[in-house]
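Per-chain residue numbering starts at 1, and chain names A, B, C, D and E are given in the order in which the chains are listed.
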């Protein structure tokens, strides 16, 4: 077992454990923390794959920004322990077996397609400079278009989360 | 060295966990987190495939996915706040104003 | 990179030694920053500060530390225990981790090996620091939430909102520097600042037009570390110490340590990014050891200056109101940072 | 005159629609609207008279259709605005234009709510009906076929009586679903011949140039047949008809019985016979049986109806059975008779519905038991009614006789038992109609209200008497009509005759 | 002086022409956002709406200008051709109509205008890009733009829990679907090493179809199926449509769907992955059946139309089940025509529904429609036309739409699918008819106030009616255009496609 495989298995185990914990926990904040663990472990996997930049961004954006938002909202709404209401039995009955089948299918397809082909870790230097070049040439349009996406998101967040009274206030002015 | 398929299987497992979470969790926020988990699983696939094809573009996609995830998070959490204001609950089973 | 030359076992040993030294220095520095703060603020307010324990109160930090250690560790009954315990640890661990990628001097050549004065040099070092500090917010947020106390909760909420908001300005203010140096590696960034204009003005980024960026960074960094005038999350007068209301003894000490460690990290980063890091005048005729030691001294001196400014600001400025803080962050700091970024980009391109 | 010949069909078809559109713009002054509608429909009628008058002029000798217009409309799929008439459709068009002004007249007073909508719908309906008869492009045909549905359903649904909504929806769904089958068949034909043009498809089928036809022909035949059979309505599909008739306003009933039902028989004649002669022949036995059941069953049910309008409705089932019988007897006489019954039934049943409507106007009921001895308070009405009843029964020298006679002789030629069973229908119809007449008009006035009933008013006379006149003329000089019908039916039978010859030859 | 680096980065002016409509719409969106704080609510609603409307008109103009220079742009990530121009016109026109029909709705419901109009414009940008993108990543982002803006729009009646709930459901299921789509993109990328549709197509042609491509297509289909509300991924539709503001429903049941169909057309036909047949077949059959059966029992008009939109997605999907390449152009053209016709009638129907609904959307049940034929004859007549078109009665666009789809299916020998479709249209007739019946043939049991039709709604309705009738009487031009541009979607390697993507000249790019 090479050191890479050991590290892969370690991070992978953390990620899977985090994912399962996310499902098992009944309190949203615990789920959020396990999700952060998954993200951190994935950052590790990215490092193994030689994607240093992506790994760093993963930590900053996902763990540092998106999940903070989640935690913030959980705190803000003081969300309590999940109620075990009747749930959607149908979803559980058909969804989970279906999902299992789907993932087994994908896993089989993947193993079938690639078998033991190995990835040379670090074969691809995810240097920020190269990524930037790609981003500003080949993917210029998608990159620019994301600005609209973000604009919409900001606007939407403001519109939806601001108190409805704001409308009244505006009218009075 | 690690076989590519291991990464992909890991990514499939994470994606499947996300799907499961989406189906079985009752708290809106947790459901939303499950979606994020799915996206993370996809990201791993992208990076692994990028390594396979020696194409940096795979890593660039992750970048875009993150932006999208961030945008979704902003909007989604705003919606969740709005619904909490209106309904005082985060349980999806009680989001039942609109039923047959 | 010199480390390639090291055999793996030696590399591990050297790294361990470096880490140990650095940790020791850092913790000491944290302790004495506290002392310094009390002393300086005392003098500013026309009083003495700590004087009793040791000469000039120099042993006061040790006394405080002992007291924290031996005090009864209270856990209030209604807290959410796992997170209540984890929160201070998260805070302090991430505060201390970020020091790992900070270079504090040139490389040392010992025998055949070149050993950089830095625990590890990652080519995305700056991003890593940003990532780690951004995770640090969980410590505060979770502490506030798990305490099950409305003051703490408010403190935690404020902290997370504030840190997320100001992180954007912080990041943008750094992009200017990145554009100028073209690298995320802190060592490269420092090396890009070597040399002088007209023979006497050092080529530090702050003298290369990053003045605005520097001040934006400074302000955002104060907010990130929850220092006055941005210490809303722990505002004693309104929130009864905010997120750490319910903490005592060692757990409280951890938050304390985390805050000061963060201050030091921020100060290190500022001197690395804007003030040329360990660059400084080293006359060529000095003996070799000084070539190694002087840069470290320069670096420490710059960091000290920053810490002093921190304390100075604390002694001078009043606290913001929360809405002012948010408005300031979004409506002033962010646009300024963006303008700075654009100006830098234009200047570099043309 | 040539330009008029070219455009006369288009003109006749769309003048009512244009009138309807203008009506939309007219202010809601009921009187003006009525007059405008009357003028429009009369104008259409006058224009349509051009058709029979100049019918013989050889315009397009090749296809056997007159006044043909064929211009591309939609390029993909290739749909042409292809219209034209032959001996079959000629009189149906005229029948439509003849009945519409009468409908306007009979609705003069009985419709007093939402008058504007009523006449708009009526005129749109007229356009659609004429369109059905003149269309020679299958697509265009389907287009108009469906288009008749909506105004008719709305007329029933808005202006009808108590259970109007039920009746309207039932009517709509029955016809709609049935016509889906026809659409499927049309699409199949298009997919395999590349055209919607009736004439071209007919030519291709006769030349045997359509791939896979032999396998599909039966289904195609049935697809068309079901749509038409529901419309006719043939025996098991007839259940919508009584509901629709009873609930419809008078004008609706008149057009429904007078023209709409003919769309089905016209379709059978034109498409089932025209496109699938072989299948028609193969399936004729059971169709004829259904027709005979319709004749007898319709008559028997009509006899026991307590409701005058329902009675007339079932009589339609019976009469239309004659038409189907005539068509599927595959004899010259039978086909001529079927055509003539269509026209005669249109005129006389239309008039019957008008007369029933007159009574309903005064008493708001159709129950036969509510009346009795009406002959004394309403002599003119009684006389008109009698005349029409006799025409409907099939008294010689009136129009009913000619058609039924021809049909029965055709049926006899085809197979004697058909003729015999069909002939009983005539007897039954005499029974129920005359019995109904007796119960309503003879004897003493049983209900005091009926003593003060008004006799026919001017506009009612204007609506009913033209029908009576037409019935008389048709009975006396059927040759006027048959002269145009005969050649067409003759040519329609040619492929059948050839087929028989082939069978015999083998 | 521009340094070489910048010269490489900045695309040429010609390429900007190819995103001109998006640029114009974004600019107007930003303009609206900037002006919004300067105006009070009353003035804002009028002025901003007008600006939005002008923006869409300018967008249409820009589309015309754009269509004059077909070709690839931005490193082959978008392709301007007849196909994309068609969908550009379609979505922008829908946006224009929705803006018109929202004009007074916003005032009645007290909805802030600035964000509303801006979001519609931005959403349209996303949809426009979806139709022209040939790069999966760009498609993904454009899809997100259109989705997120509709999530937000769905929740615009914020003081009503139902609206927020609708927004939440839409959002959760939508993002869930997006994740599937993304996973599909990842699989595609993994299997072929590219995310460019053209390159993928070439790769598959020369290297055969790897296993992962099947999975990738299936996943993408799941993702897009959600957006299309195709069964069995339709469950969100009725709830979301019921809660969302009526004009927004008109918008989101047509424009994003049209764009998603455009994407699906490009993916399905250009990638030419052979296994899509059965999933499409099943989805089409299920959507038609479930949509129509579901609609039968509805009493809320919005829900009813929601189910109907599921059914219509099913009819449209029939056009995707073409198996052999020679049938594809028919299918594509039929789908395009259907999208256009459906847009005209559905936007119109929801404009009427929105107008009737009144403040707080309180009048949306069938019962409220009783006697509308009498109290507001013109509106009822217009709604009747739309409903008839939805049934598929001749002289309306809906008829030809169905007609083309079914005849294309028949020509491809999809007898059973056609049969299911035909039977379903018959079932469908019943519930549309119910609305007509209620409007005309029932006496009102309660007083439903109907406000006067304002200029905006009136214009929107007039345009929709005209379009519906026009498509029903003269479908020629639109269909012809669709047939021509259908060729653009055809993959490079299918023999006999005269104008394939390969022959569209890329704008030459000079690099110093």
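The rule is simple: a contact is a pair of C-beta atoms (placed from the backbone, for glycine too) under 8 Å apart; a residue touches a chain by one contact, two chains touch by 3 or more.
What you are looking at is a predicted structure, and each value in this text was computed from that prediction instead of being measured.
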If a chain touches chain B and chain E alike, it appears here: A
Chain grouping by contact, computed as though chain D were missing: one piece
Distance-maximising chain from chain D - centres being C-alpha averages: C
By count of C-beta pairs in contact, the leading pair of chains: A-B
Identity of the chain that, by mean CA position, is farthest from chain E: C
Nearest-to-centre chain - CA centroid comparison: E
Inter-centroid spacing, chain C versus chain B (mean Cα positions, whole Å): 33
Chain C and chain D: spacing of chain centres that average the CA atoms, whole Å: 95
Chain centre separation (chain B, chain D; CA means) in Å: 65
Length of the line joining the C-alpha centres of chain A and chain D, rounded to whole Å: 70
Residue numbers of chain A (touch at least two other chains): 53, 57, 65, 69, 74, 76, 106, 110, 113, 138-139, 142, 146, 149, 152-153, 156, 158-160
Residues of chain C engaged with two or more neighbouring chains: none
Contact set on chain E toward chain B in their complex: 137, 140-141, 144, 148, 151-152, 155, 158, 160-162, 164-169, 171-172, 175-176, 178-179, 182-183, 185-187, 189-190, 193, 195, 238-240, 242-243, 297, 303
Of chain A, residues touching chain C in the complex: 29-30, 33, 36, 52-53, 55-57, 59-60, 63-65, 68-69, 71-72, 74-76, 78, 127-129
Interfacial residue positions of chain C with respect to chain A in the complex: 80, 82-83, 122-124, 127-128, 130-132, 134-135, 137-138, 141-142, 144-145, 153, 156-157, 160-161, 163-164, 167, 182, 184
Complex interface listing, chain B residues touching chain E: 8, 15, 18, 22, 28, 31-32, 35, 38-39, 41-42, 45-46, 48-49, 52-53, 55, 57-58, 60-61, 64-65, 68, 71-72, 75-76, 79-80, 82-83, 86-87, 92, 95, 97-100
Interfacial residue positions of chain E with respect to chain A in the complex: 8-9, 11, 19, 26, 30, 33, 40-41, 73-75, 77-78, 110, 112, 115, 118-119, 122-123, 125-126, 129, 135, 137-138, 141-142, 144-145, 148-149, 151-152, 155-156, 158-159, 164, 167, 191, 210-212, 215
